[in-house]
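Scrolling down, you'll hit the structures one after another.
Here come two complexes built around chain A, the first alongside chain B, the second alongside chain C.
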Partner chain A sequence: MRLSPRSVWVIAVVVLCGLIALPFIVPMFWINLLTEILILGLAGMSVNLLLGYGGALPFGHAAFYAAGAYAAAVLLKKTALHPAAVLIVSPFIAMALGAILGFLIARLYRFYYAMMTTAFSMLVWTLIRKLPSITNGDDGITGVKVMDALTGVNNIYFFCLIVVGLCVFLLWRIVNSPFGWSLRAIRENSVRTTFIRIDVVKHRYVAFVVSSFFCGIAGMLYVVYSHGTFPDYAYWTKSADLVMVCILGGMLTFWGPIVGAAVLTILHTLTTSITMYWPLVIGCIICLVVLLLPDGVIGRLEREQVQGENEIEK
Partner chain B sequence: MFFAVKELRKWFGGVKAVNGVSLHVNRGEICSIIGPNGAGKTTLFNLITGFIKPDSGEVTFLDEEITGRHPKVITEKGIARSFQIVKIFPRLTVYDNVMVAVLAQQGKSWDLFGQAKKYARGECHQLIKSIGLSGESRRLAGQLSHGNQNRLEVGLAVAMKPKVLLLDEPTAGMAVEEKAGVLATIGQMTKEQGCTIFLCEHDMRVIFEVSDTVWVVHNGEVVTHGTVAEIRGNDTVRKIYLGEKN
Partner chain C sequence: MEIEISAILGQLVDGVGRGMIYFLLAAGLTLIFGVMNIVNFAHGVFYMLGVYLCFIVVREFGFGPGFILVPLFLAVIGAIAEFGLFRRIYKAEHAMQLLLSTGVIYIVSDVVRLVWGVSPLTLEMPALLKGFFSIHSILITKYNVFVISLTVLIAAVMFFILYRTKIGSVIRACTVDPEMTICAGINVHRVFLLVFMVGTGLAGLAAIAAAPMISAVLGMDAQMIIVAFGVVIVGGAGSIGGAFIAALVIGIVECLGILILPQFAEAFLYIIVVISLLLRPSGLFGKLAG
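Entry: the complex of A and B
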């Protein structure tokens, strides 16, 4: 299957129109599901900036997801700040955390990078549980009301759609910018990039900080959606989910994490309603997908497109 | 002194990879370095370009000492290199490989929101044409033939618009006609851009065709240097490298 860039944009516009029309067509259950897919997809895209484009393996982005969520929840519940200001500030708190960790790990590679990020997210998880005066500890923070305009399934859905849409646009600009292409070069050969005047460590650091910002936005959105937050949002399994959506959808592609988020969310919803052994079922299905579609869903489609173009050129 | 190396030394345990090498390169010339395998040529390039740090010695460029500086800093000063084992970006197309290098040379790698593909199109295509890969610009670099990957490797170095270009066996594995193309590019660089070339090669025909000066290295030390004619007639060089019958 060969798609021109124009075709891709036409499909994107059609999908967007469908997303806008859906609340008026389908039951509330599917709108909630779609909201979760959008939020998970955004978090996955933030991870993919490092994983797919930067060639790193971040296993601790749950820390920033939770930081954005807890920042929003705590500020809304415990301060008199205007809700709009809280929603804007929360991702920056996640980004500040990313700036600290990024400084520590920008020089690390592979195994050490993955272990440090994992350790950091578990540190955040522990702090959340051990500071009950701020975070309510293991009980989490519930009953978070954002503002009157953000009540009701459809309003929350449209808010998330707009925010995720803006973030996707910004991420699109970033990955196709000279900075984004420098990241790809670092992924392909970090030694060579040093010899073409690209500061590998600084580029990886900035990418990490930017990624943590968008992950923090996803965490904030989940508080808007679920009206609460829990320590598990910082647990390493959440980080694994974010990496998983990139792999399922295609980590060398832009849209892969969104597709991966859809696959994982729908799988999870379907299997939990059918069997109590849903982790086993999901695990088996994911293994099959990874074995049969190693490039992910979108990655496979793009590979066929490139091969088709090369065949035509011959 | 335009470019000079003084008593450069690098030992790896008991192995004297580079053992007190001193040489100089004049502005605008094509200077070659030859020697048998294991003579220390690539190690010397690695020391000059900051890939590895020397144990002692000095590297100066335009009267500024650059010994052991970070490779990015040395590249910014005007020294670029290609690698013996190609270090290209295999999953990017030829165009994208060149584009990344050109944009980095223009200082645009920190542009987070511009559209990279809209910048420097003409320059990228011109560079791809100069390295003879016009018909391959949309092919993934990892799918190129070995010879074309070598061309791309040279192109990435040329994109830095260097004052000194270090080429480490740029024609390795190439057919005769392919080598001619690379030599033409080298000649063009020197003439049109005033670039100084420091070339490491095993193919003597290439060396003798393009070089102004030749330095001979053996066991990590400089044996002799001179013009092509002087080196051809040097008995010591014959024994070490060219063989008795030559």
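Entry: the complex of A and C
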């Protein structure tokens, strides 16, 4: 399957028009599904900045997702701040958390990096549950009304589409900037990268903070979408979901996380409507993906494209 | 803040008992991680399976035989998992291994839900081990004493095997340098299979030891795997001695923490892990794996 840059643009425009037109064509159920995919995809992309481009294993991003969500929910419900201000501020609160954790992990690698992020996110989870005066504890926060303009399935969908689109654009610019290429270099060989006078620790730290910011946006969006938040958003299984989404779609590609999010969300919805045993099905699928499709869905397609190009060159 | 000495000592003993269970669980994990360098997040769910299995095994065969049967059964399951799944990802990234483990977790959790349902189950404490010892007004449960003695015995056996037998030195060689071990003519794949089986069997032992003290509930694996990995990190990957000390420390700190800050007792584990990773990422006695 060969794709020239021109055809990529055509596909992109078609997809965009489709996304905008969809609310007027398909039933509400699918729009809600798409909104969830967008949010999960954004969270996945934030993780993939570190996982695919940075070569690290961030296993605690649920903390930032939950931080963004709880910041939004708590501020909306308990203060009289203007909703727009709340939505803007929430990701920064997640980013503050990321700035702290970034210090802790900057010099750790692989498994130890992963465990530090996990331990930290579990701490956040514990704090959320044990400070009910702020967070409502185990009950979570529900019935969060954002603003009148953001009620109704279609409005929420368009809002998420715009925000996620903006974030994707920003991430695209980041990933293709010198900073992004330095990250890739660090992924390939961090020691050699120091030889070419790139401050590895600083790059990893900045990438982490940026990643936590976008993950916080995803959390905030989820509150807009579902009008509530729960402590389990910070549990390590949520972080595992985010990593899974990246790998499913292809962690070495830019669009992988969105594809992975789509696959996971659609599978989840389809499977739960047929059988109760959704975890069994998804477990088998995950195992199959790891064993047969280690590059994820897009990775597989890209490999075919490269192979196609190689054959033509012969 | 008035806390009686007897309360502190009582909690201390409880902490030791709890630490012993953590050790049994983490010992298997640290072996698997240290020898094969794979991140097996599914270890917790094997433990959960073991706890649920206790109900059938104890009912059919009694509590005593359970101590042999449950670990044995779990070792077999471990063998199947290693042969069918984990064997293929030894060379893969840790991210892939984590993902595969997550798949296994989903599968096994759902099987447990299928077979045993969603309500929590509790196992009756065997009559022989019910009751307390009372020393200077400190209450120590008989079962606690049993668990502590059993685990110390198991730990001693493990030490003996690892440091005084040939198979032990082979295992340690794989921890240090698998490639050279292959060059020395050892069938490393068979060693890996053995280690995986032993590791999972130990999880089974932890399961039956813990079963009378806890209730079996879905989702218990998620909590325990974090504890297990915490012990592995603090103690050092591949180090049984490190796991022993780390498990003890964590168990005691948790139980003492209940006296001081009951609400945040569970946070102590995470704080310990964070501090340990900051000060000494390789853990007490471990090599920096990966």
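To be clear about the criterion, the second predicted complex is superposed on the first by the 313 of 314 C-alpha atoms of A that agree within 3 Å, B and C clash if a C-alpha of one lies under 4 Å from a C-alpha of the other, contacts with A are read in each partner's own complex, and residues count from 1 in each chain.
Here, contacts are C-beta pairs under 8 Å (C-beta built on N, C-alpha and C of every residue); 3 or more make two chains touch, one makes a residue touch a chain.
Treat the numbers as computed from the prediction; the structure is a model and nothing was measured.
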* **Contacts of A:176 with chain B and chain C, given as first, second, both or neither** => first
* Structure fact -> Of the two partners chain B and chain C, more of chain A gets touched by chain C
* Does the superposition put A:198 against chain B (first), chain C (second), both, or neither? -> first
* Asked: Should A:184 be classified as contacting the first partner (chain B), the second (chain C), both, or neither?
  -> first
* Asked: Of the two partner chains, chain B (first) and chain C (second), which one does A:151 touch, if any: first, second, both, or neither?
  -> neither
* Determine, under the contact definition given at the top, whether A:127 touches first (chain B), second (chain C), both, or neither. => second
* Asked: Does the superposition put A:252 against chain B (first), chain C (second), both, or neither?
  -> first
* Asked: Hey, which residues of chain C end up touching chain A in the complex?
  -> 39, 41, 85, 88-89, 92, 94-96, 98-100, 102-111, 113-114, 222, 226, 229-230, 233, 263-264, 266-267, 269-271, 273-274, 277-278, 281, 288-290
* Write out the stretch or stretches of chain A touching chain C in their complex. => 51, 57, 59, 104, 108-112, 114-116, 118-120, 122-123, 126-127, 130, 235-237, 240, 243-244, 247, 251, 277-280, 282-287, 289-291, 294
* Going by the contact rule at the top, pick out the chain B residues touching chain A in the complex. => 49, 70-72, 75-76, 80-81, 83, 87-92, 96, 99-101, 103-105, 107-117, 119, 138-140, 156-157, 159-160
* **Residue ranges of chain A touching chain B (in the complex, touch as defined)** => 170, 173-174, 176-182, 184-185, 188-189, 191-199, 203, 210, 252, 306, 309-310, 313
